[in-house]
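These are the structures in question, set out in turn.
Here subunit A shows up in two complexes: once beside subunit B, once beside subunit C.
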Partner chain A sequence: MAKYMEMIRIRFLMMLAYRTNYYSGILIYSINIGAYYFLWSAIYGDKSSIQDLSIVQMTTYIAVSWMARAFYFNNIDREIALEIKEGKVAIEMIRPYNYLGMKMMQGLGEGVFRLLFFSVPGMVIVYFIFPIQFTTHPATWIYFLISILLSFIINTQINLLTGIATFFLFNNDGLIRAKRVVIDLFSGLILPISFFPVWAQGVMDYLPFKGISYISSMIFTEGFHGNEIFHGLLNQTLWALVLFIPIQLLWTTAKRQLIVQGG
Partner chain B sequence: MSYLSIFFQYAGQYLKTRLTYRADMLVEIFSDLLFQAVNLIFILVVFGHTSLLSGWSKDEMVFIYGFFLVPFAIFGAFFNIWDFTDRYIVKGEMDRILTRPIHSLFQIILERMELESLFGVITGLGIMFYSGHQLGLSLHWYDPFVFVLLVAGGALVYAGIFVALASIGFWSDSKTDIMPMMYNIGNYGRYPVNIYNRIIRYVLTWILPFAFVGVYPSAYFLGRDEWYGYAFFTPVIGVIFFGLSVVFWNYGVTKYRGAGN
Partner chain C sequence: MDYIIDVKDLRKEFTSHSSRSGLKGAFRDLFTRNYTIKTAVNDVSLQIKKGEMVGYIGENGAGKSTTIKMLTGILTPTSGLVRVNGMNPHKDREQFVRSIGVVFGQRSQLWWDIAVQESFRLLKKVYNVPDEFYNTHMADVIKTLGIEPLLDKPVRKLSLGQRMRCELAAALIHNPPLLFLDEPTIGLDVLVKLRIREFLKEINAKYGTTILLTTHDLSDIEALCERVIMLDEGQIIYDGALRKLRENWGEGKQIQFAFAEEATHAELQSLTQGHLVLWEQGGNASNWTASVENNEDIISAVIGRVVGAKKIADLKIVEITTEEIIRNIYEEGVIRNG
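Let's look at the complex of A and B:
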């Protein structure tokens, strides 16, 4: 366990060394939040609420889902793909740790860094520009923190799956890009799931993506009431557990038919 | 040597290299389509909850998005200069470019082209024809010519802004994130400008004129005569911005000092 903790720490310090790169990131996210803010204001027009969300809740939803994205988002699929292509994965495999576990910890180190140096200051800045409301219930904050941790796990698991797919596809830049687009839409980042037509919501109930953004953002904006919060967290937990199965299966198959190209 | 024949030589070579990895190219085109679909789905889903958005109907919004895709695809196919500083200045590739007797910017356009982006033109046209049909728009004999002119204007606006930003690389080769930022600002142009406040609208019209890529030229085809002035101004803005950026580029080239040995 200590070596995994160490990995989180090292990644964190690595990110800290390049922290200036993140100031512009906050600006880019704010630009995106701004675009959606104006769009949603126009959509609301003089309606006071759509799908039980007021315009202030909606603005908060957009802001928090972008800022939470900074936490759960990582490029480990790209990193794994690169290590497989360059043959480095062979060396990683003989090291005395679980390769996938280590990748996940690196992602977590990055995530914690971005949470502290990107999401939190970003949220404060956005708070001064757009009409956003923070909840004062401590319980909501705790649920939210649990929820984004689960978001991170689900998103990272999907990244691991995409990364491992390189073993079979050799070049999966296209898949990585497609995955990112699918997640942006189906996770509820650009549009709350409750806005979709009912049949589409039914489909998304059977997909893991809404656990990445929608559930945590709805908890934060208090768009979920009572049992909905627990249902949401339960849904996330189940997906986080279920997704380990395909990862293990793919990983075992991949190791068996591994061809190291160079290295 | 004619620039046109050089262009076709490069395009021919490019197609050969791309067709070697057909599967990869297909996945790339597919993920482009997916990306375009996401924005379309956003518009469609949103209009499940409202009938008008600042006076624009669903089909009009879809039409504007369809139009936007066409100049954006042309820009994406020929102006991949977002990593110009890294690729040409820091790595010293610019030295190679400058020893050849063709305009430096033209060479970079040729080297970095990504012709598969042009599929966006087809998607855009498809979306426009579909929503135009829904709106009952009719085509005049001169509309295709106006379309070409307005699309060219829109693509030149994008090109002008990004060429100008790339030129900054001649003075400073430090890493900036101004290019990705500009791509995100460009997204504002996909939607009607009257949903934004006065300041942003002004910026999108006169300073970073992304509104001339989407809503202004579309207004002509949608018959929104209150915006006609802006619509017909599109090619002018395009030529002005692109012209200025080329002047800026040429001036930058004279300041280029190479990167080390």
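Let's look at the complex of A and C:
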């Protein structure tokens, strides 16, 4: 376990080594939240609520889902793809650890870094600019924390899958880019799932994406009540478990037919 | 049977597709592809005992790196038996890699953006190295390699020579009984090379570390290895003492003449008539090399005759280098070593 903790620490150091990324990240997220806030204000006009969400809840939803994104989002798919393309994966194979486990920990290190140094201060700033309501129920906070941890796991698993696909496709920039758009849209980051047409909502129930953003944001804005919260968390947990299977299968096959590129 | 590396009939085949030419060919490639099977390592068998330093040489693409990658568990062999440190590298990967150290000259295993000591610290955790052992062992390694002033610098700011020394230290953090070095001295200057060689000799003597080394720089092999394994087109063409290779192939000496004026082949040959001398022209018409048998009488006679007839600016007697021996072997084949 110590080695995984150490990896998280190393990732922290790496994030600190690239400060410009950090500052520009805050700027980009603020712009995104601002843009969506004005867009939704225009859509709401003088309606008090759409699909059971008030404008304040909507603004909170946007702010929270973007800040949660800072935590669950990572680039490990791109990193895995790069390591495979450059043949660096050979080095990873001679280390006594589980490569995918280590990658997940790197993602977690990155996530925790951004949660502490990015989301929390960002939320404070956003709180003063936009009309946002933070819940005062400690239970909601706890559910939210559990939920974003599960969001992280699901998103990272999908990233691992996309990354490992490089073993078979050799160049999967297109897939990585497509995956990012799909996740932003289907996870409810851009548009809450309850705004989707009914048939699409039905489809979403069978996909893992809403566990990435929609469920945690709905819990935080208290758009979910009572049993809905537990259903949401259960849905996330199930997906987190189910996704291990294709990862393991794909990884075993990939290792067997590994060709280290570049001699 | 206490071999550290025991390999039998090891074979690795790669399938690759060849593209058809032209636009029409490219369209056809979309549907069906031509696959060709390339055998990178062809039934290689070798045994290495504990404490040996073995040079593994061969031309580019001879299959050296592929073998190393199979021995370290990175690649899965197509067929054959591999036992390294008593384990199957592919089966018990995580446990196996704890018992080896690997340096790839062309790839870094340190983390690019962070200080060298942070990389070391992470590797120490990864290999579960106890504190007291780490402190004494690494202090020693760091001192011998002279990398103390580099520890707090990020890897990306190091020069190649500095980085290579750090890589070597990183591969030895867990003091593995077996060390694989894949072109560790590529692109390094003489001083760094010497330092690395000294260091390798030292750990070999101190811990009995077995070392398998691939390189294109034969002086590395000469300085370190008593045994060489030579590979050509995926097959072992020589496995034995380096000394023996020299004895079988390196007979004879070369005398390099720099004449004050130009000389011709016919002229020189007539001068040394009666002796078996092979004249070869050097850079220009006044530089000639005579290859002769390693015999004092003949050498003296040849020099005497040539010097008596022609004015000389410079003269040098050299032994045939290992490099030339290797080149000869590749050009002529191995059958001669009998």
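Just so it is clear, the second predicted complex is superposed on the first by the 258 of 263 C-alpha atoms of A that agree within 3 Å, B and C clash if a C-alpha of one lies under 4 Å from a C-alpha of the other, contacts with A are read in each partner's own complex, and residues count from 1 in each chain.
We take it that a contact is a pair of C-beta atoms (placed from the backbone, for glycine too) under 8 Å apart; a residue touches a chain by one contact, two chains touch by 3 or more.
Predicted model only: the values in this text are computed from it and were never measured.
Visitor: Go through the superposed model and pick first if A:91 touches only subunit B, second if only subunit C, both, or neither.
Guide: Touch status of A:91: second partner only.
Visitor: By the touch definition at the top of the document, which applies to A:181: first (subunit B), second (subunit C), both, or neither?
Guide: Only subunit B; A:181 stays clear of subunit C.
Visitor: Thinking of the overlay built on chain A, is A:14 touched by subunit B (first), by subunit C (second), by both, or by neither?
Guide: Only subunit C; A:14 stays clear of subunit B.
Visitor: Should A:142 be classified as contacting the first partner (subunit B), the second (subunit C), both, or neither?
Guide: neither
Visitor: Thinking of the overlay built on chain A, is A:203 touched by subunit B (first), by subunit C (second), by both, or by neither?
Guide: Neither subunit B nor subunit C is touched by A:203.
Visitor: Contact-wise, after the overlay, does A:173 reach subunit B, subunit C, both or neither (first, second, both, neither)?
Guide: first
Visitor: Using the superposition on chain A described above, determine whether A:41 touches subunit B (first), subunit C (second), both, or neither.
Guide: first
Visitor: By the touch definition at the top of the document, which applies to A:129: first (subunit B), second (subunit C), both, or neither?
Guide: So A:129 meets neither subunit B nor subunit C here.
Visitor: Can you give me the overlap between the subunit B contact set and the subunit C contact set on subunit A?
Guide: None.
Visitor: Along subunit A, where are the residues that touch subunit B in the complex?
Guide: 21, 24-25, 27-28, 31-32, 35, 38-39, 41-45, 47, 50-51, 171, 173-175, 177-178, 181-182, 184-185, 190-191, 195-197
Visitor: Which bits of subunit A are touching subunit C when the two form their complex?
Guide: 2-3, 5-7, 10, 13-14, 17-18, 87-88, 90-91, 93-98, 255-256, 258-260, 262-263
Visitor: Mind listing the subunit C positions that touch subunit A in their complex?
Guide: Against subunit A, the touching part of subunit C is residues 14, 65, 69, 72-76, 93-95, 97-98, 100, 102, 104, 106-109, 111, 113-114, 118, 121-122, 125-128, 154.
Visitor: Which bits of subunit B are touching subunit A when the two form their complex?
Guide: 21, 24, 27-28, 30-31, 34-35, 38, 41-42, 45-46, 48-50, 52-54, 175-178, 180-181, 184-185, 187-188, 191, 195-197, 200
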